[in-house]
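Common to both upcoming complexes is chain A, partnered first by chain B, then by chain C.
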Partner chain A sequence: MNILCFLIPVLLGSPVPQPKLRVVTTLGVLASLTREVGGERVDAEALANPQQDPHFVQPRPTLMEKARAADLFVELGMQLELWAQKVVEGSGNPRIQPGQPARVVASTGVTALELPRELSREWGDVHPYGNPHVWLDPLNTKDMAANIAAGLEAVDPAHKDEYEANLKRFQERIDEALFGAELVKQVGGKMLTRLARQGRLTEWLAQKQLEKSLGGWLARAAPLAGRPVVTYHKSWIYFAERFGLKLPIEIEEKPGIPPSARHRDAVVALMQAQKVHSVLQEVFYDEGAANYLVAETGAHKVSVPIDVGAEAGVKDYFALVDLWIDKLVGSETAAAPAK
Partner chain B sequence: MQTSPRHRSVVPFLIALPYLSAHSSAQQPPESVDNAALQKKLELLQKKQDADLADLRSRIELLEDELARVRASADRPPPQSLGVFNPAITIGGNFLARSDDRPVYLDDDPTQARIGNRMSLREMELDFRAPIDPWADGVLILAVAEEAPDEYAAELEEGFVMLKKLPFSDSAPAGLKLQIGRFRPAFGRMNTLHLGDLPQVSYPRALQNVLGTEGLAANGVSGHFFLPKPGEQDTLQGTLAFLDGGNLPVAGTQSSSDVAGLARVAWYHDYEDGRDLELGTSVWTSGAQHQLYGLDWTYRWKPYIAGEWKSFLVGGELFQAETDDSTLAGSSTGIDVWAQHQFDQGLYAGARFDWLEELDQPGAETSTLGAFVTYYTTEFLRFRVGAEHTWSDVAWLDGLDSIFLEVNFIYGAHPAHPYWVNR
Partner chain C sequence: MSQFLVSMERPFVACLLLAGILVYLGIHVLSRKVIFVDLALAQIAALGSVWGALLGWDIQTDPWQIKAFSLAFTLIGAAVFTLTRMRDERVPHEALIGITYAVALGATMLASAHLAHGAEEVNELLAGSILFVSWETILVSAGLFALIGAFHWRFRRQFFQISLDPGGAEARGVSLRLWDFLFYASLGFAVTSAVSIAGVLLVFSYLVIPAVVAMLFADSIRARLLIGWIVGTLVSAIGCSVSYFGDLPSGPTIVACFGGALLVCGLAHYAIVQRGLVRVLAGSALATALVSGSFLLRKNEAHDVVHVLESGSKAERVLALKEVAADPALWARVRPLVPKLFDNRENEVRADLLALIAERRDASLLGAVHPLLADPDDAVREKALRCVRDIASKESVPALVAAAGTEQDDYLLVEIGEALLELGELAGVPPMLSVLRDGEAAEARKDAWEHLKAHLPIRLEFHPELDAAHNAAGLAEIERWWSENRARLVPDHAGVFTLGP
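So, the complex of A and B:
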């Protein structure tokens, strides 16, 4: 069949279709970014199911077999997917071993938050290189996409210009989606990105009387600014940093440590004191503790995926951020907690 | 003194200046023209200023981006240190307290030390791992284990190099990985696991009967590779190994200088909703006198949503030994079946049944039924209680009741989760 696919275009005098680069990623969100940058030239597949906890994926032989055929392997890094190295080791694919050009760590160069000052298992399942949920801030995906583009260019230098153009287009789309097309046109994406990263965007827009030009996700997420939200795990720090939420406490007592009854009651007391509207957690966590908090406080439970492909409509990164904002704003603007 | 090129270009201009000045004052333009010129000049100045500002802004942007990168790298732990090439070290400890209704002996051998009704730090295991070079990784696992009550001895559990690609071709045909040294060969599923990774407090009796109380570890060379897969969600893996013979029950009186061969084929199938199935078949042979055949299966359900809170595993192994050795039964069959259900994030319960024909006591059969409850505080600390009842044609074993408390702890580098377990 493969020979026929090659021969028929040759006989008809049409250009021979070039085989696509096989890119294997750990997470669906990385596959989505790879498709944005690689376009038609790549065939990207994620190993983790988008509904499952990315910390705990079984390095099954079927995943190793997929990695065996990869031209490029993309992982997030920061010790989120410790299972990825087991998959790579089992794949027997020399191209994607650590340090090879075909092994991309997408979080390289992204500023990490919550870097632990002290490393000890006493603090739970801490990540020594900082909180790894970097893709929950849309601005970080611009750097992640740049790392993926560099990886694609390394294994396929003939199409460097195409990857660069796709990367530029993706970064512009992120700017427009985050700040709104009108503001990006007036000020420029680079300037806005820098102001947002410095935490001076709101102040600067007020100085320049440009508040009304702000659109996109930031405008839609305006009701979230300053609102306290309880989350299950320390996954949402990057999202909170970008959209102005406050995260006063987690349901987990420490990362990876299930909540004790005493800790749950402390969370209830804090939620009542701070009038918390929303309990936010990823779909892969058990809902028992969140249901308890909701029953005790009357807050709303917001259960969302954090990976692309976890729900029918979430086909790319843009749809994923849309979902987070829609659900959280819906909860925050709904009736106040009854208790 | 030589005139520079720049000076040379200025000299004609200076000579012509008086003439140009006179010419200019002789033809004074009307006021409207003057305004237009000024306007033009202003526009030019404005454009220049805009260009200068844009240039400055881009320089600031570059500097700020550079500063952000420097800050980001300064926030991270230093990428290099003197110890960076040292292996990752993990330490595991396994403690067992047991109570039995009669004397119990080491290796089920009444001529050896009694191990019942006592507490024991069974072993402390030191695991060192590091890449050796672009071609190979190194693994060393040392155990300090209790050989007899209060008698500890250090032993090499595993020490091998894993070649990830072939030096002469710089590739890995069929995903070939070569394991060279001392390791736990891939005979069945449980034999590849270390004591602390087992789903019960001990290796299945059926396995102990033919491979030894702690399973088989041997010196040799083992190749692991992929075979053509039958479907998109399937994987076929093959293993071929040449090992030192002897040193395990099924080898009987053979010495380690007799080479043994091992082959295994395992089929894995992934279902869409977090279920998977593994079926494996293994053969070990040493000369014409000693053959061991095995079948193993593991079915797992671990849903993607809340999969860290609920799961179910069921598995088993079948062993068939054929020997022509006067010290052993000519033929011996053994089977174990086990299941485990997860009730909460750290709570599991399960059971195991073993039946076997005693290899070293022809005609004798033994069966054991056990149940256990396991609780993890985190993946690094595990408590397990269990109870077993044994029926046997071996007089001292028949009717044995035992209860166990096992504590397993791990510290050091973060261990990657083994393929089969839930945590």
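So, the complex of A and C:
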């Protein structure tokens, strides 16, 4: 039967379609980036349910099955998905073991924020490689996509040029989506990226009298600049860095540990003092604390996914960033807290 | 202090409510030797809500439907525990309760594997959030607890008979199955509601620990209840205060206080009733010595900057470099490591090192910095360029000229040209001219033109905002000027050129 299935198309003379590269990623975001870079050549699938907390995924037999068949395995790294290594080990797939060319750590080379502040390991072990939520800054996805492209080229050198071209196009699209096409044309994406990363973009644009040319997400996110926002988990620092939000305090005092009464009160006091409009959290966190804060201060609750595929409309990375900005700008421009 | 009262008001009232109902139920639970039945019932209730969520109801928007599912499951659980209480105890009841707990927990995990809030639901059940309890929840729970209390008061004879003396009760014609079911059902309702306020851990402590303390000191139901309520209230007050003033999470703090209370009461009981005061004191002294002795085993965290830079993680290297920045005496020891650290390709480390080298004006390290002018990462090239400009040594000229030959980024090309001009090198002019000619971005062309005008005595018209096609004439003019005058240009100390003879 198997032979027949294979032979019939050959005998009939129809071309056997070239098999696609099977890419397995941990997060939906990484699958989305892989599709951008791999185009028609790849079948990318994410292991994590995009609605759930990416820190905690129960390794299931089906996940290992998928990893077993993978030609390329893409993880974020920085100890975000500690479960990924368990899945890979369980898969028994030798090609995707750490250090192999078919194992991509997408955060490689991305500048980490929030590295531990003391050499002592007492607190540092929380995130010894810095905060791992790097994809919340669109600029970082350019580096992540470059790492994925390098992985695809390593396992499929025949189509190197195609991957390179797709990568370049994706990076240009990110620049245009973030800064607006007009500004990218006038200044160049790389320069804008360097300026934005150094926090000098606004100043530089003012100096060159180019403020009006700014478009894209940065222009839409203008109402967010300088606004204090309370978040549940410390996952939004890259987003805040890019779009100028301030994150004065988190609901969660230390990752994974319930807050103390004083901390809860400190959050409420700070929200009232700074007139905080928005309590921002990922959809998978419990909303009890946010509901409490909203009831106490009259602020708005902004509950958003942080992974591609979590909601019907969020099909790729661009839609995800659109959603973050729309929801937050909506909350920040809505009526001020009543209390 | 008043801040404390305002802040802990709701959690403390919630604790008192829990103590009120759970201490009473705990006495039953202990007499029946079904200690873990509350955990099992709570888990079955959680399974119920997850099941409801699987059927499409949303925990946020349909709380009442979800609640109905969890209550229905609780009733099923109560029926299971009623039916499994066997007369001859061939299989211990506690074993069946444990099995029910394990299976319900496993089923909850399975069912929640595909739910958005699944993992949270399981976690929340464990930890609870007594700190964020609302008055509405407190009032609803108070009403429910009052109903359960009244029901138990009305039928106290039957309830206590089947708990304390099931054989005798049956002989007197009390239906064991019926009253068992009613007991487990009411316990299930109370526990489910309590768990949603405070989490499994805290509910278990309220249910069992005050009752155990009471059993140590008293025999009559009335005295046990009284002692249990006193212990529950006192520990609630102490736990809330410790949690507030010690800035600790409330639930776990109260549980720890319960543990401490039981320890103190147990020791006191032993000292008084068994007349073992000497042993208690000796044991306490030994325990204190052991605990303080364990502090001697603390890991020694002494670190050496050079060692950390060589073998630490990236984060540790960044931190070590911060120390080096603060303490110039360390610099001499770190310098030999620089080439190796640059090879590591860690951009954070490279950036910090370049800043340090620039700050120290350490020209002896230029040999290590120059290769970075050709690094694949444009941000690294930019920082290396800044460092070279800050040090401003003629030694950099060949490396800068070589970098100008390979640089693809217009802005960086302008900066290379600027660096060379600042050093009094006319080799900085061709990169500027190439940007004027081929620069894609108007801003880069503007940059190049401004720098060129600042360094050279050039008085020509050029419109950098226009692209090459519209500037052909101006460009030709500039290039002619350059080839005619380049031999006569003389730099001053700041790299501003004048036309010599």
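Criterion: the second predicted complex is superposed on the first by the 315 of 339 C-alpha atoms of A that agree within 3 Å, B and C clash if a C-alpha of one lies under 4 Å from a C-alpha of the other, contacts with A are read in each partner's own complex, and residues count from 1 in each chain.
Just so it is clear, a residue touches a chain if its C-beta (ideal position, glycine included) is under 8 Å from a C-beta of that chain, and two chains touch if they have at least 3 such contacts.
Predicted model only: the values in this text are computed from it and were never measured.
The superposed arrangement places chain B and chain C in clashing positions on chain A. Once the two complexes are overlaid on the shared chain, A:Q51 sits against chain B and chain C alike. Once the two complexes are overlaid on the shared chain, A:D265 sits against chain C while remaining clear of chain B. By the document's definition of touching, of the two partners only chain C reaches A:K208; chain B does not. In the overlay built on the shared chain, the residue A:E65 is in contact with chain B alone; chain C does not reach it. Contacts of A:V187 after superposition: chain C is touched, whereas chain B is not reached.
When the shared chain is aligned, chain B comes close enough to touch A:P98, but chain C does not. Once the two complexes are laid over each other on the shared chain, residue contacts for A:W83 go to chain B alone; chain C is not touched.
Mapped onto the common chain A, chain C and chain B collide along 111-119, the only clashing stretch among 111-119, 291-299, 327-335 or 363-371. Taken together, the two structures place residues 49, 51-53, 56, 58, 60, 109, 111-112, 115, 121, 124, 128-130, 190-191, 194, 197, 257-258, 283-287 of chain A in contact with chain B in one case and with chain C in the other.
Note for the complex: chain B touches chain A at residues 57, 61, 64-65, 68-69, 71-72, 75-77, 131, 134, 137, 162, 164-165, 170-172, 174-177, 224-226, 229, 233-235, 237, 266, 268-270, 274, 276, 278, 302, 304-309, 345-346, 377-380, 411, 414, 416-417, 419-420. Across the complex, chain C is touched by residues 49, 51-53, 56, 58, 60, 109, 111-112, 115-121, 124, 128-130, 185-188, 190-191, 194, 197, 208, 210, 257-265, 283-289, 291-292, 295, 310 of chain A. Taken together, the chain C residues at the contact with chain A in this complex read 3, 7-8, 11, 60, 109, 113-114, 116-120, 123-124, 127, 129, 131-132, 134, 240, 243-244, 247-252, 301, 303, 308, 313-316, 318-320, 323, 345, 347-348, 377-379, 382, 409-411, 440-444, 446. Chain contact summary for the complex, chain A toward chain B: residues 49, 51-53, 56, 58-62, 64-65, 68, 79, 82-83, 85-86, 89-94, 97-99, 109-112, 115, 121, 124-125, 128-130, 190-191, 194, 197, 256-258, 283-287.
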